[in-house]
Amino acid sequence: MGTRLGELVERFGGQLAGDPEIEVVGIAPLADAQDCHLSFLSNSKLRALAAQSQAAALILSPLDEPTVAATYGGARIITTNPYAYFARVAQYFAALEEVLPSPGIDPSASVANSADIHPRAFIGPHATIEAGAKIGAGARIDAGCFVGRDALIGASTHLFANVTFHARCVIGARGIIHSGAVIGADGFGFAVESGVYIKIPQTGRVVIGDDVEIGANSTIDRGALADTVIEDGVKLDNQIQIGHNCRIGAHTAMAGCVGVAGSATIGKHCTFGGAAMVLGHLEIADNVHISSGSMVSRSVLEPGQYTGFYPLAKNAEWERSAAIVRNLTAMREKIRALEKTIKTLTKDT
Amino acid sequence: MGTRLGELVERFGGQLAGDPEIEVVGIAPLADAQDCHLSFLSNSKLRALAAQSQAAALILSPLDEPTVAATYGGARIITTNPYAYFARVAQYFAALEEVLPSPGIDPSASVANSADIHPRAFIGPHATIEAGAKIGAGARIDAGCFVGRDALIGASTHLFANVTFHARCVIGARGIIHSGAVIGADGFGFAVESGVYIKIPQTGRVVIGDDVEIGANSTIDRGALADTVIEDGVKLDNQIQIGHNCRIGAHTAMAGCVGVAGSATIGKHCTFGGAAMVLGHLEIADNVHISSGSMVSRSVLEPGQYTGFYPLAKNAEWERSAAIVRNLTAMREKIRALEKTIKTLTKDT
Amino acid sequence: MGTRLGELVERFGGQLAGDPEIEVVGIAPLADAQDCHLSFLSNSKLRALAAQSQAAALILSPLDEPTVAATYGGARIITTNPYAYFARVAQYFAALEEVLPSPGIDPSASVANSADIHPRAFIGPHATIEAGAKIGAGARIDAGCFVGRDALIGASTHLFANVTFHARCVIGARGIIHSGAVIGADGFGFAVESGVYIKIPQTGRVVIGDDVEIGANSTIDRGALADTVIEDGVKLDNQIQIGHNCRIGAHTAMAGCVGVAGSATIGKHCTFGGAAMVLGHLEIADNVHISSGSMVSRSVLEPGQYTGFYPLAKNAEWERSAAIVRNLTAMREKIRALEKTIKTLTKDT
């Protein structure tokens, strides 16, 4: 019931060293793999581990092939990016095991007459699809999801259980939105009059491109007048907050708990470590990388890695250093006084 | 199909300079507005942009009126707070376009017999309303919401899809709770015995005043014995966490990802930037403003703006400065040694 | 309708000084308690308050008993851990008032034929239970919850309304999962090829032990290949994010908004203050305590309290100190220059 190595190479490319008739039933890490598994070497430091692997075959790079060929007895699939190859093969095996729901609308779902549900889409139990919403071919709207009026869900996009996707928002093809995410809630916009807040209606949309993944319990607010835009290939982890009118550039990735305040414009191919925060109305260039726990309080126009968090220490040490941080201006004054005194002394001599 | 300027001034006040018969169909920013739009000038620096605006009319302040009157050809509505006026007019136009559900209970909702649903309230698909809950006139409980036993939802309050509002909690009139918010989950309270946690039942409520807005996926915990209180006019953005037994003073606003630990008391008219954190049992006075990303670890009894986050830098620079921060006590010692040596030297001379 | 002190001592232990026939109807803090209440003294500093309490009886420690016996007129239950005793008695009284749903499956729930629902379990309105899922005796799955294919919910575990518990994940007995929590969403795992992310299927599970409590809107991701593991007795507050393949040791507690990146291993009996963050692949030993707002960027192998956040200051003071922090290397250079000059001077003399 396995898949022939020959078939994998036909599907995913790469050069096979070994018998194409060997069958594998799945993929496993070097140390855990059995002789029914394919494994992968994506880090040359693990060559010794590869040599001892029980896997039937390994995915590896041309660089590692000569050494591994000499020490490891199994077949090899040689490819320039073994980790990407592993991802694709893992997707292939996962799809074989996945239990897909049959297309159609669960009888317990509430679907407006004017909603346009593709016959090959799936609408799960207790889902609500409002008037004018359009659900594309192969899309999957799981149990308890809400899709608002005139929203568009692209082909093969998957909303996991209990996602809320508000009116008029749009997501392209092959997207994934994880449970509890809320797309298109009102942005946080108010005018102040005599200390009281007056709500500014949020009438823009959230417009999401193709191949975007949005994590569990993340929130992306709709724009105030214009739209909030998430470009193609963006990957957002869990519990991320994107304020109204932001634009997140294509193929940018953010780890869990990141927050981006309203009207920030973020470039392409950026990465944000967990709990990084971006203030509103800032601009971040392409290829900027923000470390975890760092607060971006000014625009960052030059590519590179940026960091800003207080280093962890034993509590007593932190208390001492934090007390000095609070008084750094005093320390600077002391140094200036010393410099002055010494200037006088050196003049004297 | 537009609205006469004369009618807007009747509704919202202000002084009209121009023809009251001019009709506008909506509101737009200075640069985007067409001759069917009203626009607004809330920042005097944009006077030049106002002069060139295609808008049929502008909302502006008495201060800007003379200059703009001389350069801009359209009508003007003169008012002391143009941004607040804009907000009200925008609400008016948004309400004209809003598709409101008809009052009544969706047949797929689960409503306990003893729940008291006002005939002008709306209960959406798959909503659950438990026994004894009371839903006020004009209130709107959207799809998938849960309203627990004996909870009270005030008149004209709107729970967006998939809100959870637990037993005995209360919200006043004209409130908005966005999708995924959880009101009245248990506070985090335990006794410790031999390293094991014993749960302390959380039997208080969450009591929310009038005109409060709570963002998507925010959480407000019920009190342990007494109540958690959110006063009138408070505005909370998305993904905010309010611990048990907190009190948030009237007209305080918090941006996304703020966290407030249990039993903190926060004054009126405060603001909190995104991801600011407040430790438990602290007191924060009225009119305190906490910057984004700042940790409040002591009570703040004096009004003003407070900040505390590590400044962002290129990663290599941060590594150098963080290494010094870790060793600030050593630096202080060096300065003391220098001061001592110099004292000796100056005595010598 | 109260409970006799004698019965409480029979149930929960402790030594009674006073009349076992006295009845109490509930528990209240020292200052609020009436003569129908039991109260507790868990902090010796409050002895004076205890003396004046109107409570019918007090729970207190042997240490406080002599003083309190002399000043307070009521009965006493003497026990080594009054706070833990209070927690148990409070649970007892809360259970008396709790309105439990009758076991059974709400007619509006969607339950797969092959799901195994214990006859003493409760499945609420609009819940979805997929094929092969198993719900234990006395478990309670409230309105709007989703329990995926082949998931296991242990005996007496309670999922509050709108929890999402994904396929094949497991939770033990007596657990509590609060509303909006998402257990078993995909971990954040991608290979990169030419700047584009390729999803790595997340095929592990989340495996949760007994007596675990998980807060509202918290998220725990399923493992990539192996499982994410939450051991017995762990207590997680609201809005916590646990990445894929983490292990959280038994009886560790985390306050709200904590984030733990993937593959971190955290020991037993640790505590994390609100909004603390842990980077991926780190190891944290048993009995480590991380303060609120602190970023753990290296493994912590020694027990103790650790802290790292920038101290709050008035904004103008923070601006001055932050500017110096940005230039600490310059300050260090100045000190080195001073040291050098002084060395020359002292040699001269």
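As written, the chain order gives the labels A, B and C, with residue 1 at the start of each chain.
One rule holds in what follows: a residue touches a chain if its C-beta (ideal position, glycine included) is under 8 Å from a C-beta of that chain, and two chains touch if they have at least 3 such contacts.
Just so you know, these numbers come straight off a predicted model, no measurement behind them.
These two copies of the sequence, chain A and chain C, are related by a rotation of 120 degrees on CA atoms, to the nearest 5. Interface of chain A with chain B: the two copies contact each other largely through different residue positions, with under half of all numbers used appearing on both sides.
Remark: chain A and chain B have CA centroids separated by 27 Å (rounded to whole angstrom). Within chain C, residues 108, 126, 144, 162, 180, 217, 239, 257, 275, 309-311, 313, 325, 331, 335, 338, 342, 345 each touch two or more of the remaining chains. Taken together, the chain A residues at the contact with chain C in this complex read 28-29, 32, 81, 83-84, 86-88, 90-91, 93-94, 97, 99, 106, 108, 124-126, 142-144, 160-162, 176, 178-180, 213, 215-217, 233, 235, 237-239, 251, 253, 255-257, 269, 273-275, 292-293, 309-315, 318-319, 322-323, 325-329, 331-332, 335, 338-339, 342, 345-346, 349. Touching chain B in their complex are the following residues of chain A: 108, 110, 126, 128, 131, 144, 146, 148-149, 162, 164, 166, 180, 182, 185-186, 188, 190-193, 195-201, 203, 217, 219, 221, 225, 239, 241, 243, 257, 259, 261, 275, 277, 279, 290-291, 294-298, 300, 304-311, 313, 317, 320-321, 324-325, 331, 334-335, 338, 341-342, 345, 348.
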